[in-house]
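Read through the structures below before going on.
Here come two complexes built around chain A, the first alongside chain B, the second alongside chain C.
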Partner chain A sequence: MDDNNKPGPLRSRPTMRELVYFCVISLVLLVSLAIAPAKNYFSEWRHYQKSYLAIAGQRQSGTLVRSFQGGLHQTWIAKLGVVDRCESCHVNLSGALVGASEQPFRKHPPMPHKLDEFGCVICHRGQGPATSVKEAHYTTEAWEQPLLPARFLESGCGQCHLGPLQGAPRLNEGRSLLSSMGCVHCHTVAQPDGNVLKPDDNPPPLTHIAEKTSREWIYAWIKNPQLYAGSATMPNFQLNDQDAADISAFLIAQSSASPASGTETKTVATAAPSANASIEAATLYGASFCSSCHAIQNEAGNLVGGNLGPELTRVGSKVNPDWLRRWLDNPSSYHPGTRMPHYRMDQKQVALLSGFLLAKKDNDYLANVHLAPASADSIARGKKLVAETGCAACHQINGVNPPQNFAPDLTLVGSRALAQVVFAPGMKHNLPDYIAAKIHDPRSFGPGLKMPKFALGDSQVDELTTALLAQTDRAAGFPKELIISGGRTTNYHPGGKAGRLMEDLRCLSCHAINGNGGDMAPDLTWEGSAVQHTWLEDFLKNPNTLRPALIRRMPKFNLTPDEIKTVTDYITSAYQSPALDLQPLDPHVLNADAAGRGKQLFYSKYGCQSCHIADYKNDKGYVGPALTSVGNRLTPEWTYNWLKEPNAFRPATLMPNFSLKDDEARDLTAFLMTLKAKQGGGK
Partner chain B sequence: MKLLRIAMFVLAVLLGGCKPSGPQTLKPAAYGTQIVEVSGGKQWAQVGSALPQPVVLQVNSADGNPVTGALVVFHGNGLEFNPPQTLTDSSGQVTVSVQLGFNPGDFQVIAETPKSGGGNATVNLREIALGYEQAVGKAVNDKYCIRCHDPESTPERVSNHDNLSPAPHQFTDGATLNRISDADLTNMIAHGGPALGKSPQMPAYAATLKPAEIKAVLSYIRSIADPPYQAPGVKYGK
Partner chain C sequence: MATIKTEFEKLRSTDVWRTIFRSGSGSSNLHRSQAVQQNIFLHLFSVKIRSRALEFSATWYLGALTLSTFFVLIATGILLMFYYHPSVPQAYADMKDLQFVVASGVFLRNLHRWSAHAMVFLVFAHMFKVFYRGAYRPPRQFNWVIGVFLLLLTLLLSYTGYLLPWDQLSFWAVTVGSNIAKAVPLMGKQIRFLMLGGNEVNANALLRFYVLHCVILPLTAILLVGVHFWRIRKDGGLHVPEKKTP
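Moving on, here comes the complex of A and B:
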């Protein structure tokens, strides 16, 4: 049996060593199989759900515990591209468990949208699909979208709400800064509905600059605009002395003669400057309401006045006296696009006011500026610098075309991939910090960068960042019905002879008409329906104020009777509201009985005297316009319709809608129409 | 498990040992006995943003004179301070800018200064963060309510408060407004003063404001009330 000596077939007992190998491998296999379920079991979200149930159990909220559904909670909104699992840990967003004050169980504060319609990441950013705290909230290697800091949260709103939005003041302010600081001269910012933000800072043309100021002033100004006027919006280009000298040389050299330069201004030989003259001049400055648009720093260092025009604190160190007189005489012959009205001052007034302004002088301002005479080289170099610096993006300059695509398009800056972003050394790698740093100090990213440094406070930087973070590619893909466009300004301009006159007076700098114009003064779209012809004539002749407490008021324009008639006729016939025809008022009902009842309503039921003055002796309401002579001012039809629904005529009005009954509105109208005191107060 | 605890303990000891090279603690040059608010308490701003005015505090000695060079350390749950600690200046004061946290409601600024004999003198300041709803309320307030309910005037807006009799309540007047229920306040805003037998000088806003706006104003009034408003109902600990 040779066969017996042969080595046994496969059937043999495994050695000890083989057994150990086998055990270890099985164990490893078993363990590795268990990793997945264990990871799931020990996951953070499960831990949080357990603690939630524990708290709910302590509070003995049986219903909460019973109704709780464990597991990953996912919100999926296909049309918005949202996949959120935030509610796996944030299980109490609805606030069902009262008083849980620690995250992740805090109740979500009230908000305008439903969670299951918009999800979380649309507003908060972060990684919706992530299931660990770190990956959901912070930047990791695989995820680059951290949670948005609270101060930029309103950028979420701005993705769909493209106009001003109540409850998002920082977003609104940021957007208006993009226009008012002139950012959008160089950067394109287009919104998802196609609207492109427009600048509204109205930089002056430099084509005739040599008439206006000196090369020394230009030099000092471009070196540091805020040194001349703290409120200046022009940014600091951090130019060195040589560059500033060359640019100023070129700007003077390119200047051509303005159409105004031909007009001779007589330095009227007013009586020797007396104490009276300076008082008279200050009075004229006040009575012309220059401070509605221009600010002057007072002795305490506070700016007093508006910001529609440049600050005038040191204007005497800036302007050429001849230029100033011509400017006051007619601003638009120097700057056709100016917002300053043509005041129609006489020579004496021009002399008084220019004297007053020229005295606003800082003798130290240009004391240390000594420039070498401009050479051809310096001028040529200045021209090159002006082109490189992009001055012509904002200012009109002879011989330099406005640059195209001068700065990066910011339309989608709010979702720029971090991989494409070059961070400055030492800064945090996230988009909000990058944008904020870029706005705060652009040159910190490298000395050769073109973007200048704007004079912005910390909160303004945050507001601008908020507005820019709203420019996401996510929003560009949203369904069109979600996008809520802002009210766009029209390009309405009054036409004809009256229109030209109204342009000359720059009515639209302060008043809006048909969706175009400023917001400093009342909207005039329906002014023709509102006011009586005679009153308007008197008002334009001498605009005494309707609102005694207001500081910004309508100036007096020294119009001729003909001009007044032209404007009045135009306003009363062109600016009529069709809504008045829908609710006509029979003038016969405005009788003494009705007026008596109206007086009762005015004083007792509706307390109108808390905001209006009907009688100077007793009433003290300073919120709305004085009504002492409203019977001469407003038409009865307008008064009746206005009382019934003020916000239908002027959406921005402060006057509440009292939802008056027809007869109440009629009685009040009757009462108001009896108020015909002489204008200017008194009885 | 035990091993882990030991490891953590060792780590903690190591980290603790490292501390002096970590965030530097300023050395106080002097010590005061009390710290008081100069300005900056009870301000409000939107969640996450900086308070409009810095917080200014003063450290005094036992005899009430300001102390220069005393250390003041700030902390507060959810708040960021710049700087987080500082020494008092020559007039014994410190100025710190405060950034609010993520959640609407009250925040506590706690400032401590070490006393010479050991222990700390502290002062607590309340600051208020406005969330979305309160921000809407503030916007409505700034347009409509403020004209009469705020006695402060600005160049753009002259207050009508002092012209009215009875004088309107300021919204910070918690002592009065906290006693009025949500329903009553809503009613008064919507239907005017006479709805609750008050002055007709308070107009009805039901046809001007949306219900959500009225709710937002109420929320704003409640959040800035001083003393703070306590909603009725069961209170839980954390």
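Moving on, here comes the complex of A and C:
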């Protein structure tokens, strides 16, 4: 040993104590390193897969157990941004293991789409990549879109299906409420294809309001519209007495004279309110089918009638008698955009009907309204309030411009980040509850908020929420071919002389033509191809219903023979379908032989009588139109093509496509064309 | 014990051993010092140190612990890089994959994260220890400066790593951080633009931070750590205060 190597303080052997420290620390390290793989091994999804196999084993499903592939199951769809691992636990979505009723092994109800084409979260929300129950289903610190409650599930459909969708009634109703409650007057709701929802509530202009009603009525109405008419769509702005008085003062002050105000109406029959007259008036109200659009509360308190026009239960407390007579005489001279047809009633009818309506009165309604005379101050304040409240977003008002971007854009409200949402105290922190609460009672979020309270039932709130939850940013990023646009409303209007007449009759309030118009009555787009000229003339002279189960029919508009000819000529020549195949129908193939074969097909092979009536004595079909005089009504070409492919002409028709062979369709047409009205009979 | 010792001596005299450790067998001081000097990894260190410097109380092993966390970070960081794409929005989805499907992915991430926190803490502790023991004084003043640069690198590594998960926390942290950089007089905007590769925190910023975090900063740190250790030898070993005579 050289002297550099003299023993220093370094020890070559550890002491016992150091060995113990070393062992303990090593053990702790080993255990902590073992925790990670152990956590992986005891993960929830493995547990569920094991219990699935256990259940399958108990049921003696050897094939199920053998064919089961363990491990993480995932659906990965790059173009939709879907990474869903739900199937790692929900292993029985296909229902291979029959009767497993406990989640996560329940069978999925019939699905409109394939799982591997859309995954789970596109409809259900939740966190698809997650593999633990808590993370996948609920809101966590890093995930704000928990599973959607089942009642909002249809919002998933609405991301791609932008129009009405069969099987999604809540979504459809919600979308139509957005239009019919006038939500989209203030809020912009744009769909991924660029379609912007349009209002469908037709709010009346207030530019000549002083002719129509009194300041007292306006005051009572704006304070609580539903007090006047339970079915009113106008929301409650929760105005205080002073504000309501000022607004009513301004509305009366801004009113100008309408073009109709000059015409004097005679009050012929109102002087004699005999019992006879009241029966006659009620009959006229019924025969004019006012109740197709207007509702009246009956003695039992139920609303009877449609909702296209305002409720008339207390109309006598509202309108000025002179105005009502002018209105019944020609509505569009007061409100050019009204959906009410010009009925062409004579003076006697106007008097009868106005008398009938004015009697619909609630004497208590305005009994307690006493307003101080309007001062200039009050009018000025009213104008300011009208601008602030946003009345002009819906109503046309003299001197107040419609506000732009008055309310938040709701285009992407269905994926609004919760961080941007201000919740009311005590609310559940999730988006569906927030939207529903906002619709149900907007002012509960703070007294200064402008959104009024709409009269909506709980189910309507849910429907609106469903429609709004469909407005996601996810949908905005979908491939374009997935987006299924709804039927866009066009701005088609018939032209020329007949067009002006049809405008005057407001055909489009009930009928749709070329994608524009209402849905109360049949679509007339191809009516010219469908019906025979003489039948249409007769129908316009005296409309009756074609469907045996329907009482409602088209009102009679008192048209002159000239007007009927104009309209009929126009419809039969303009509304022709280019899809109609006119080739295979030689008149001589529709012979008696063919008709005989057709009758066989009608009654035996296709059982048409289950929906249609060809013979009043024997048939009981009440679903489709009666066919007893169809030979007078429809053209053979239309009948033939219609039978072959009904939904090519009317996509929403209930009539099934039987995929008839050419000769079958021909024979059936021949049979149907023999069904003609008896000479002299109307039907 | 004796047989183990002789077996080891046998191993040391094989050709393979001798080609790798060229100092030869034997345990003389010459051999020992040659063993250190001829090894690229060891030659940075002193051939001889005071045994006092190896005691816990001398350094509390803070520098060595810092180095250990750095090694853990490199090892786990490389593993994490196998699962990570520095792109928007895949970066966040990769975090979710680590959380939900990668075997022990959460453990890996947590190990990286806690080691990073520990490293920042240990670096500070190391500096305080050096400062209060007076080890920054000449001749070690240069190594102190290198240490300050290493502190900066540690903080920058920590900061750049913070953006990579691409969640709200990281997004806003970097937004705030880059806005602080913008507050620099005259050229604040340019500094921020350079940092983010644009005017806001987006895909460019993510890529920049990724490259800084995984390539530039670690390489610089390794280089400076090398210099740091080499300077210890050059400055006469670890600073060990004289033992007070009782």
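Convention: the second predicted complex is superposed on the first by the 563 of 683 C-alpha atoms of A that agree within 3 Å, B and C clash if a C-alpha of one lies under 4 Å from a C-alpha of the other, contacts with A are read in each partner's own complex, and residues count from 1 in each chain.
Quick note on the criterion: a residue touches a chain if its C-beta (ideal position, glycine included) is under 8 Å from a C-beta of that chain, and two chains touch if they have at least 3 such contacts.
Worth saying up front: this structure is predicted, and the values here are computed from it rather than measured.
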{"item": "Touched partner set for A:Pro37, first chain B, second chain C, both or neither", "value": "second"}
{"item": "Partner chain(s) touched by A:Val83 [first = chain B, second = chain C, both, neither]", "value": "second"}
{"item": "First (chain B), second (chain C), both or neither touched by A:Ile25", "value": "neither"}
{"item": "Partner chain in contact with A:Ala648 - chain B first, chain C second, else both or neither", "value": "neither"}
{"item": "First, second, both or neither for A:Asp462, with chain B first and chain C second", "value": "first"}
{"item": "Partner chain(s) touched by A:Thr131 [first = chain B, second = chain C, both, neither]", "value": "second"}
{"item": "Partner contacting more residues of chain A (chain B vs chain C)", "value": "B"}
{"item": "First (chain B), second (chain C), both or neither touched by A:Ala359", "value": "neither"}
{"item": "Common ground on chain A, meaning residues reached by chain C in one complex and by chain B in the other", "value": "none"}
{"item": "Parts of chain A lying in touch with chain C, wherever the complex brings them together", "value": "2, 4-5, 8-10, 35-37, 39-40, 72, 74, 83, 85, 127, 129-132, 135, 142, 419"}
{"item": "Residues of chain A touching chain B in the complex", "value": "59, 98-102, 106, 109-112, 149-153, 166-170, 304, 458-459, 462, 549-552, 604-607, 609-611, 620-623, 647, 654, 656-659"}
{"item": "Contacting residues of chain B [partner chain A, same complex]", "value": "46-50, 99-104, 131-133, 135-136, 138-140, 143-144, 147-148, 155-156, 158, 160, 163-164, 192-194, 199-208, 212-213, 216, 219, 233-238"}
{"item": "Partner chain A, residues of chain C touching it in the complex", "value": "28-29, 51-52, 54, 93, 96-97, 99-101, 103-104, 106-107, 167-168"}
